[in-house]
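Worksheet for the structure shown next.
Think of it as A, B, C and D in the order they're written, each chain with its own count starting at 1.
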């Protein structure tokens, strides 16, 4: 479905980096979910560039909700969020119109849209559009939280440095959700930030690995064969610019392990079936088993770097050197993590809505007697 | 869409391991694709268990095409392939009905289907259903080949041992497509096979990494934001049982690399824009750039192992030891690779049909004059 | 989705009139629905040609359920029904390969499939495929009945003759569901049957209007703007060969009526909000209001008639006379009504599954204690 | 897909009658379609209430295109159109919050959204949202016209009065496309307008029948079994508020006709296969045959009437009289016809994009040499 994702909760993205606005439409939200605009703003702040670690482009991200909310709650009809673009300096891009930047979508967009694409700042492919995903995701996160489902992501690796692994998930997720630079170990956080600054000073950029946990999901969610939890999450996660790998549980490490070390034995804990270990990341056969979901995303280094690169002038067909000016991020892994949370929340709301019906994500609170009788 | 995948070419899977048959329906195939039943049989043979490396269950995989083929070619209407189950020994499973096997979908199926699932041999979750994917994929591979698009997969790692990397893709893919144990380096192949046998003797199992290349795809294919080539491929690949990770190009290795080492510079070669390197695996911004697509799948070790494990009796809620009998594979990575080729072929046919229309995958050959005039 | 319909309960049709078999896959059924094979057989009998009113082709419709049923109930995984073709006389059609029959899909299939279609007996377009819809619909009808939802259709008009209007729906629907010729007024039934025989003797055919009622649906079902109850039902109903019009409530008659005669006032009856009249056929704004759903389908006369007609030879481009031999129906309206019931049942199960979740259509009956604890 | 329609060109509607704005997102448009804002404005004018025949609510419909257009042409990425609401008098509706209006979606929305819906002016169900459909449809109409495909609709009946039937389609469609009151016969137009005014004076409202023709479609478009041209068009047409019936070709009249009078014989005309008559409305087996498509929609009278009606107070459960104040249309059939054109254009663009690929609706004009080489 191109720019839409989901079957029961459907999110549609639109907009270009240098157009008047970007935005998203969410269709299939349960009626009655509280919409907390300050929480949306907080989430946008976590994604927004800040300080030396990010591009100098500064957008206020002053969003407006155009539809689907009434008296502070979702109506159940499509919710459209609009985020105007304000700090655009399109002139930076004129010279690049026919010079595709390596690692970007410039050349592939040219092949697909035959030159009609808005080339300025990556146009529709700009990471700017993830702001709309974050705004939409904030509403999904609220709905999930009301059902006891929590999501959090930390920077597990950045520029070759590692954070400590997840420990107690309840406290780790709570801590992460307000951290501007989401690293659990303070020393690791400082080292990573210095590495980003060194790369920036060097005209280069760095990537990383984001690790995400989801707690509180009921067992039995997921639709084999194709709409598995892994399949749907990875499908959506690969939409995040720069994500080039996704793994669940022990992931690629399982390829070298013995079967006896990968199976998670079942046992009973407080009257509930749980697994002793969680090598499979809370998913068996594509369906949740009630344990925390664990996955990791590989985020490649930002392709916009200050160093001179080589490209081809698409008009003349000649090789030319390329110097990218404009404002860019030496790393996006710290900004991407709230996008990962948002995408995961949207995918899970979609799956849960399909599994339990359109009212599940919000308790019914306003039944008129007549209606109760009729149904 | 649960057990269907694709939007333009839609594949629907059905069947259970111990039911009368499994099968697939393909809808949206171009009319006029030659259907070569011996090629389908060959592909099924590559997936079929054989020798000491695999389960002792032996299915003839005598498929029949029930619809959608006329005079040796696709009609353009749904093609249904049926593969009867013959060598089922359901008695092996009776004792396991209420004892979920670790690493399998038994417990999650119980949570999702409330005990109505066919529990025998994993039922609908059995790897047996990949035979239907392989049969469907064979037709997609034929259609792609007629357009100069080739797909091939090798076992890059197995039990901690590595194959040599891809070299000349044309000859490597040609060699792989008929190899029963798809490892490019002969010595590595022998070492891996011995490692599998050792694991089997030890009552254990091993996993591996499959690496796939696709050549000949036109640039400009893929649908941002969500229906990216990476998103669609990973979505489908995670349906293959045991796949727990998917990465494109340099994948997770990019997380530790500098941006200047991840960007692929553009240059002109024989009048065609190409990239000097291919760190991004032929995909920028989710769209093909005309270079070979490269991806890797992590395959976990087979969860059915001979060693005693622990589980919970779902009737009594008590912890019990579990000894799995029946017939099982000490490794499936060598059988899974043709499934990966098949899934990739189906996804790419879907994308290409959407991009270029329903006739593109087969040249029109039989136009009546009247029709030519009418359109 | 071409040959699939539905988003939560998805039905996929396959097969050709003269191929080895036709069939359907149902994906998204709740687990635990009892599958009554004798009810499926009864429904197929209502559709099957019989007596002088129908084609002489006689198919036993000996169906087999290939997957998705275990111990007499649906598993929740895809259910595939296969109906072999046995009484095919393909020789009847060889002469027609390049002579498109007026009113049939022969010419349009040639334009769409470029000559690759199976032309014999209409191939994939044959009314024969409605047998698969009826078999699938029987399972949907069973699921609905367990929730108190009933569907029934009568021949309101045939060859210019009218049945009496619906009266008490409970008794009318019960009576219709076993009637071979579904006309409520016995005298009208006889007159209609004689009119069909006269048309047959005259080498001609007749059409009719089918009127359907659905009782017991809860209020609040339907998805504006596009997936309205009217939109989804009409979408599926127009798939039934020969249906050329669909109207809800008073339908086209409302075009000439005053607004004051079309609005259905609300009142309270037994503590439940109902409408005093039902001009809108139980649907307001595309959503059910709890009153019976009422719709009518216009069924055109069978296009296969014995009289000589004119067509064009698609090879030579010359006009030629056409004499259709083979075995044909002078009317299909009496056979189509069970197809209408089936299609309506499938559409409503799809909507209800989306609205109330995947378990709603079947009470959970087999919860293991462990599972109860986990969810 | 709830508020989205289409599979290749997907339109998503959002907004409420008294919210800040309504709008639509179009995804899957070919790149390079010229976007003529004055044509969009003209189409909106044809839909906008005007004179005595319509509600006194006057919206400027000053739309803005937020994304997907660059340098005057579509980019191929999602196009979002926003239409602010300005002339809202929400106070008119406060008294109605718990008093569902007969014939409207008030009660069904209450049942579906449990009181969270925006009840003011019908909220999301308001005919106001058709302005967004018309704006989107204008772009689809432009794309179709560039391929020689024309659509036009006239008021065939209104308040029991009839227009003349379609004659020469080329001139009739050209004339209709700029007519504010789309009736081909001038005398009939005047009589209809007077009937509307009489109904208004009487506190009542009238309905009508809209008849639409589409010329220039290639043969071979449509996707059996389910995505037939009739099925897709009717699905979308029933989304238009007040449409309660849809028929193709001779429609319901075929139910009483003989088969020999319904079949359209084939002949050759100027070297092209055509049919001598067009009883089937250009569609056989759900696929276009190259003849004009003809269909009719039944439009019920506006449910908002000045006369006192009966309803139930949903708080108290008591029957109460209802007097609707506010501003309303005594007829909408004359405003709905441009909505029908728009919906038909969107559906056909969707089908054509699926059939011929994403570039078909716009000639490629801007190929860089490098790209030409690469594909």
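Quick note on the criterion: a residue touches a chain if its C-beta (ideal position, glycine included) is under 8 Å from a C-beta of that chain, and two chains touch if they have at least 3 such contacts.
This structure is a prediction, so every number in the text was calculated from the model and none was measured.
J.: Quick check: more C-beta contact pairs at C-D or at B-C?
T.: Spelling it out, more C-beta pairs touch across C-D than across the other pair.
J.: Can you tell me which chain lies farthest from chain D, using the average of the Cα atoms as each chain's centre?
T.: Chain B.
J.: Calculate how many whole Å lie between the centre of chain C and the centre of chain D, each centre taken as the average of the chain's C-alpha atoms.
T.: 27
J.: So, what's the distance in Å between the C-alpha centres of chain D and chain B?
T.: Distance between chain centres: 44 Å.
J.: Determine the centre-to-centre distance between chain B and chain C, using the mean Cα coordinates as centres, and give it in whole Å.
T.: Using C-alpha averages as centres, the distance is 37 Å.
J.: Going through chain B residue by residue, note those that touch at least 2 other chains and give them in order.
T.: Those would be 1-4, 7, 13, 77, 111-112, 124, 218-220, 224, 268, 271, 273, 290, 312, 314, 317, 370-371, 374-375.
J.: Write out the stretch or stretches of chain C touching chain A in their complex.
T.: Listed in rising order, the residues of chain C that touch chain A are 7-8, 77, 218-220, 224, 268, 271-273, 290, 354-358, 360, 370-371, 373-375.
J.: Write out the stretch or stretches of chain A touching chain D in their complex.
T.: Residues 1-4, 7, 10, 12-16, 19-23, 25, 27-28, 31-32, 64, 66-68, 70-71, 73-80, 82, 98, 110-118, 123-124, 312, 314-315, 317, 359, 364-371, 374-375.
J.: Looking at the complex, which residues from chain D come into contact with chain C?
T.: 1-5, 7, 13, 100, 102-109, 111-112, 124-125, 129, 157-160, 199, 203-209, 218-228, 230-232, 234-239, 241, 243-252, 254-260, 262-268, 271, 273, 275-276, 280-281, 283-290, 298-305, 307, 309-312, 314, 317-319
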